[in-house]
Amino acid sequence: SENTKPAEEKQEKNVVDEKENEKITLKVAAPSGPTTVSLIKMFKDKPSFGDNIEVIYESIKSPDLLAAKIISGEVDFAVVPTNLAAKLYNKGVPYKLAAPTIWGVLYVAGTENVEKWNDLKNKEVVTIGRGLTPDILFRYLLSKNGLNPDEDLKLNYLSSPQELAQTMIAGKNTIGIIPEPMLTTVLMKNKDIKIYIDMQKEWKKLTGYESYPQSSLIIKNEVLEKYPKVVDKFLTEYENSIKWVNDNPDKAGTYVEDLNIGLNAKIVEKAIPRSNIKYVDASNAKSAIREYLKVLFDFSPESIGGKLPEDEFYFER
Amino acid sequence: MNSILKDRLYLLISIAVLIMLWKFLSLIIDSEIMLPSPEKTLIELISIIKQKTFLRAVFNTIFRSLTGFFISLILAVIIGILSGIFKPVHYIFKPIVGIIKSTPSIAIILLSLIWLGSEYTPILVGFLIIFPILYSNIIEGIRNVDEDLIEMANIYKVKKWRIIKEIYFPSILSYLMAGAVTCLGLNLKVVIAAEVLSQSVVSIGEGLQFEKYNLNTAGVFSWVIIAVIISAIFDYSLLKLQNRIEKWK
Amino acid sequence: MNSILKDRLYLLISIAVLIMLWKFLSLIIDSEIMLPSPEKTLIELISIIKQKTFLRAVFNTIFRSLTGFFISLILAVIIGILSGIFKPVHYIFKPIVGIIKSTPSIAIILLSLIWLGSEYTPILVGFLIIFPILYSNIIEGIRNVDEDLIEMANIYKVKKWRIIKEIYFPSILSYLMAGAVTCLGLNLKVVIAAEVLSQSVVSIGEGLQFEKYNLNTAGVFSWVIIAVIISAIFDYSLLKLQNRIEKWK
Amino acid sequence: MAFIKIDNIYKSYKGLKVLENFTMHIEGKKIIAILGPSGCGKTTLLNILAGIIQPDKGKVIGLENKKISYLFQEPRLIKWKTVWENIDFILKDKMAMKEREKVITKYLKMVNLMEFRNYYPNKLSGGMKQRAAIARAFAYPSDVLLMDEPFKSLDFELKFKLIDCFIKLWEVDKRLVFFVTHDIHAALLLGHDIYVLSEKPTNVKLRMVNEIPHRERSLKNKYILELEKKIIDNFEEITHV
Amino acid sequence: MAFIKIDNIYKSYKGLKVLENFTMHIEGKKIIAILGPSGCGKTTLLNILAGIIQPDKGKVIGLENKKISYLFQEPRLIKWKTVWENIDFILKDKMAMKEREKVITKYLKMVNLMEFRNYYPNKLSGGMKQRAAIARAFAYPSDVLLMDEPFKSLDFELKFKLIDCFIKLWEVDKRLVFFVTHDIHAALLLGHDIYVLSEKPTNVKLRMVNEIPHRERSLKNKYILELEKKIIDNFEEITHV
C-alpha cells in the first residue's frame, strides 16, 4: 500500500523531515497553450525561491496526464480549467484555487457572413467536445441571445482543437468556435477566415463581469500550509510573468517556441492579446468565478463536480 | 451436465473473488476518484441504465461494432482466402495490410471524419484494428490447410470454388474463430474509444467520455462493466455458433 | 529464386500503385493539410529522420512495444496453456480475460497514469489489447491439438511438462504465430496512440503529436510511414523465425 | 489409352535417389499390380502417374487429360464431412443428384458401409475409413484407377469380397488400373501384369504376366501357386515360410 | 501378471453396440493374436486394455499400474520431430542418454530405418512411418505390448523379418502381447492364443491355442496349415480361395 494515498503520504514525510536545509522540490504544471504562455517567464527564468528549493516546470499536452498528476499529488502548482479545479475540490483532491489567470480564449470565426447572433441561424457550427466548457458557454450565449442551440443551428463536434483547425483551414467547415492560439494559426493559414464574435465580450454584456475565468492556478494544500512564503513568492512571480508576457509578446513567443511544444513564436505573439491573460487573486475574483461556475452548474452539475464549491475552495492570500 | 455446473461454479467463484479483491483494494485506497467501491459503482451503474438515452447509446455502439466486425470479417475472408491461394493477390495486398496494421488511428481520424463523418469513423477505426487480425489468422489457417485434401480434391477434379468453400473454408474456421472471439470484444472496445475521438452522439463512447471528463470514476467503471457484459454476450453467441459448426468433433 | 523475384516484383508493383493512388488523391483533394502529396511527405520524412532525437524516439517506442509484446506473449502462453489443459484454471481466468478484452483504453488511462506513470502506461494499454488476442489464439490452438498424440504420450508415460513443452507448445505455435504477426504491428500502433495520450517523452507518439499540433499533416504521415516500416521489419523477422521453427514442413 | 509409356523416369528427394531410369510400357486396359519393398518409391510412382509430382527427368506419355481416380495410401477423408458427404463431394460437379445417390449407395453397399453413411471419419475404425476411401475411388467415373494398398486394414473375408467385386466391376467397365500392394494374393488374383520393384534406386526387378482369366483364378490354382513361388523367391531370406 | 481377466465388458457408442459381454482370461506372458472383421471393435478393445477408453460395464483386472507399449493403428508420429526424436521423446524420462542411444539404434536398425533417422515423418513413406512406430513401441520398456495391425504397409520380406525379430526379442524378454491383425500368417507364426472375433455386437467366436514352439513354426508346417484352414473356414463365402 505504498502507493495508496500519494498526496497524504508526502505530507507525512515532510512533517517528519522538515529541516531548514532540507532540499525541497516543487512541481509546476500547465497545459500547453495559453496557460503555458502565461507562465513562460517563470519557465524560462526559473526564479529562485530559496537555496534549498528547486522548482520544476512542465508543459503538458495531455489533459489525462495533467489530471493524473494532480490527483496523484505529484504537482504542487498547476494551472487548470477552472471547472476542473472545482471538480477536483468537490472530489476531495486537496488543492485550493489561488488565482484565475486566463480569462477566456474562445472566438466564433469563419468564412461566412455573420455579424450578429441571429446570423448563425440555420448554420453549421463546429466546436470541440460535446459537454465541454466551450460547448456549454456557446450554448449559454446562444440561448441568452434568443437562439435554441438544438434547433436553430447545427452543432458539429470534433475531439481536439487541432482537428478543428485543420478542417477550418481546409475549408471543410465554415464556422467554428476556435480557441487561441489555434485561432491565430487558422487566421494565418486561411486568409478568408474572420472573427465574428468574441465570446468574452459577449459574456461581459450578459453578466457584467469583465470576462469568465477559464483557467486558474491551483496549489496543493500541503504546500499552502508548509511553505506560505514560497506560495506568496510564487504568486508574485506569476503576476510578474503575466505582466511581462502582455508587455513583451514577441519575446514571450520566442521563449514558447524554445520549449518545443508545437507552438510557433509568431503565432504566440499574435495570440497573446486575444488570450486575455490576467492575474487576479482568488479573493478578488470570487464572485466572477462563482458566476462562471454557476452557469456551468446550471447546464450540467457534473461539469463542476456536483456542487458549487464552498469558501475554503478559494485561497485567501 | 455435472461438468457444466462445475464450470459455472468455478466461474462464479472467480467473479466473486474478483469483486472481493476490488472491494478490498477500494477500502485500502479509499479514494472514490482513484478506485470507487463496488457499491458506489453499482449505484452509478443503475443510474446510468435508467438514463433515457441509455438503450439507444448501447444500441448505437453495438450496431457500429457489429457492422464493422462483419465488414472486416467478410473482407478478411475473401481477401485472405484469395491471397492464401493465389500468390500474386497475396503480394498485392501485403503492403496494404501492412499499412492498415500499423497506422495509428490518430493519424487517420481527421481524414476519416471528413470523408465518413462521426457516424462511421468508429467503424473505420475498428476495421483498421481487426481486419489485420482476421486476415492474418486466415492466412495462417490456409498455410495449415491439409495439403493432402487439396491434392485429393484436385485429382478428383473438384471445381476450384467448391474446394475453397468445402475444404479451405472449414479448415480455416478454427483460426477464424480464434480471430473472431478476440475481434468481437476488441472491436467493441476500439469502437468505444473511436466514438470518443470522433464525438459520436448517443453512444457508449460519449457516455464514458462524459463520466471521465467529470472525474466520475464510478461512472467510468459502470460503462466498462456494460462493455464487458456486451462482450461476454458476444462471446457466448460465438461459442454456441462454434459448437454448432463443429458438430463433427 | 525465380519465384522469390516474382514475389518481390508483385510487391513493388503494389507499392508503386499505392503511391500513385496517393499522389492522385492528393491532387484531387489539393490541400496539404488534409492529404499531403507523397513528395512533400518524403521531404518531411527526411527532415524528421535527421532530427537529433529521432533514433532515441524510435528506440524508446520500439522498446516499449517489444516489452509489452513479450510480457503479453509470455503471460498468454503460460496462462493460455494452463487454462487450455486444466479446466479450473480456464474458468478462473475467463472473467479476467473477458474484462481485459473489453475494457476501453480511455477508461483506464487516467488510473494507469496515476499508478504507473507515463512511462509504463503505453505498455499497459498495449497489453490490454494484445494479451487477449494471443490468449485466445493459444486457447484455440489447444482446442485443436491432436488428441491422438496426447494419448500416445500419456500411454508412454511421458511427463506432463514435457508433453506441454514438446507437444502442446509446438502445436499451438502456428496459432501463436498468427497472433504474433498481428500483435507486433498492432501493439506498435497502440503504443504510439497511448504515447500520445500519456505524453511519453522522446517517442514516436510525441513526434506524431507534435506534428499534429503544428497541423503538419505531411509530418504525421511521415511518422506513419516510419511505423509501417518498423512493423514490416517486425513481420520479416517473425517470418524468418517461423521458417526456422517449422523446418519440418 | 491404347498405350501408356513411362519413360526413363528419374526422381530423387534432396540427394536420395528414389526412381532411376524407371521404365514401364503398358498396352490396353489392364490391371497392373506393383509389388516392392517398403520405401522403394511405389507411392512416388503413383504420384507421378497422377501428376501430383513432377519427375526430375523422363516423362509419362498417354495419361494426359485422363480422368484419374486415386485411392491414396492414407484414406484422406474430409473430417468435417460424413462418409456420404465425402463421396458426394467429389461427384457433385459431375452428376445429377439422383444419379449420385444411386452411385454412392451402390458403392457404400459394396464396402458394407451403408449403415455408417452418416458417420464422421473420426467415428470410424481404421478399416472403415479405408473402405470409405475405396468407395470414393470406385464411385468416381475415371479412365484410370490408381490404388495404393487398397486392401490394407481389411479383414480376410472383406478383402476377398472386394477383390471379387472389383473384378466384376472391371469386367463391366474396363479401365486401366495401377495398384500397389504388399499382398501377393491380391496381386495374383487381380493383376494382368505383376511388377516387382527393386530397392532404391528403384527399377523393375521382375515382370510377370498372369494370363489366366479372372474367373478361373484361385489361390489353389497351380499356375497361380507357381507365380506365387516365383515372386516369393525373388524376395530373399524369408524365414519360416 | 500371472492372470489377466477381461470380464463381461460392454461398450457402445451412442446406441451402436460394439462389445457385448466380452470376456477373455489370459494366464502368463503370452502372445495373443486377435483376428476379426473390420469395425468389430478390436481397436476399441485395445483402447480399453490401454485405459484410454472406459468400458460401459465390466472391468479389466491385472493390468493396473502396468507399463504399456501401444502400437496404434495409425503411426501417431509427432510431425515436428525426426524419427529418432520421436522415439527419444518417449524414452527421455526413463533412461540415461547413452542407454537411449543404444536402444534407439538397435530398434531403428531392426526396422531398417537407421539411415532415415533424421527424416521428419512427412518425408517418409507409409511403410516407413509404420516401422518408426514399431521401433517406438518395441523400444519402450513395457510389461504389456499392444499392437494394432503391426505389420500393415510392410512388404513381404520385411514383414517376415520383423516377425522373426519379434520372436527373438520375446524369447529374451517375455512379456504379455496383444496384437490385432488381419494377416492370418502373422497370427499363426506369432500367437500362442488366437482369438477370432465375431461381428458387432462383438464377442469371441473362436479361440485357438497354438502349442508349437516358435522356432518350429513355419507356414509349411502341417499343424499350422490345419489351424489356418480352421480360421479361414470360420469366415464365410470366400470366393476364389
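So that you can tell them apart, the chains are marked A, B, C, D and E in the order they are listed, and the count of residues begins at 1 in each.
Here, a contact is a pair of C-beta atoms (placed from the backbone, for glycine too) under 8 Å apart; a residue touches a chain by one contact, two chains touch by 3 or more.
Here is each chain with its UniProt name: B, C = NitT/TauT family transport system permease protein; D, E = NitT/TauT family transport system ATP-binding protein.
Note that this is a predicted model, so its numbers are computed, not measured.
**Q** Common contacts of subunit A and subunit E?
**A** C
**Q** Please report the smallest number of touch steps linking subunit A to subunit B.
**A** Minimal hop count between subunit A and subunit B: 1.
**Q** Which neighbours does subunit A have in common with subunit C?
**A** Intersection of subunit A and subunit C contact lists gives B.
**Q** Highest contact-pair count belongs to which two chains?
**A** Of all chain pairs, the one joined by the most C-beta contacts is B-C.
**Q** Measuring from the mean C-alpha position of subunit B to the mean C-alpha position of subunit D, what distance in angstrom results?
**A** Taking the average C-alpha coordinate of subunit B and of subunit D, the gap between them is 50 Å.
**Q** Can you work out the whole-Å distance between the CA centroids of subunit D and subunit E?
**A** Comparing mean C-alpha positions, subunit E is 26 Å from subunit D.
**Q** Please output the residue numbers of subunit C that touch at least 2 other chains, ranges allowed.
**A** Residues 34, 110, 114, 196, 209, 212.
**Q** Multi-chain contacts in subunit D: which residues touch at least two other chains?
**A** Only 74 qualify.
**Q** Return the residues of subunit A touching two or more other chains; collapse runs of consecutive numbers into ranges.
**A** 67, 71, 166, 170, 172
**Q** Throw together a list of every chain pair that touches.
**A** Every touching chain pair, ordered by label, is A-B, A-C, B-C, B-D, C-E, D-E.
**Q** Considering the complex alone, what residue numbers of subunit D touch subunit E?
**A** 13, 35-39, 42-43, 73-74, 116, 123-128, 130-131, 148-149, 152-161, 163-164, 182, 184, 189, 217-220, 232, 235-241
**Q** Considering the complex alone, what residue numbers of subunit C touch subunit A?
**A** 31, 33-34, 109-110, 113-115, 118, 196-199, 209-210, 212-215, 217
**Q** Along subunit A, where are the residues that touch subunit B in the complex?
**A** Subunit A reaches subunit B through residues 1, 4-5, 67, 71, 84, 87-88, 91-93, 129-132, 156-159, 163, 166-167, 170, 172, 302-303, 305.
**Q** Which of the residues in subunit B come into contact with subunit D in the complex?
**A** The touching residues are 148-149, 151-153, 155-159, 162, 166-167, 170, 246, 248-249.
**Q** In their complex, what parts of subunit E are in touch with subunit C?
**A** Of all residues in subunit E, those touching subunit C are 50, 52, 67-70, 72, 74, 76, 78-81, 89-90, 92-94, 120, 122, 136, 140.
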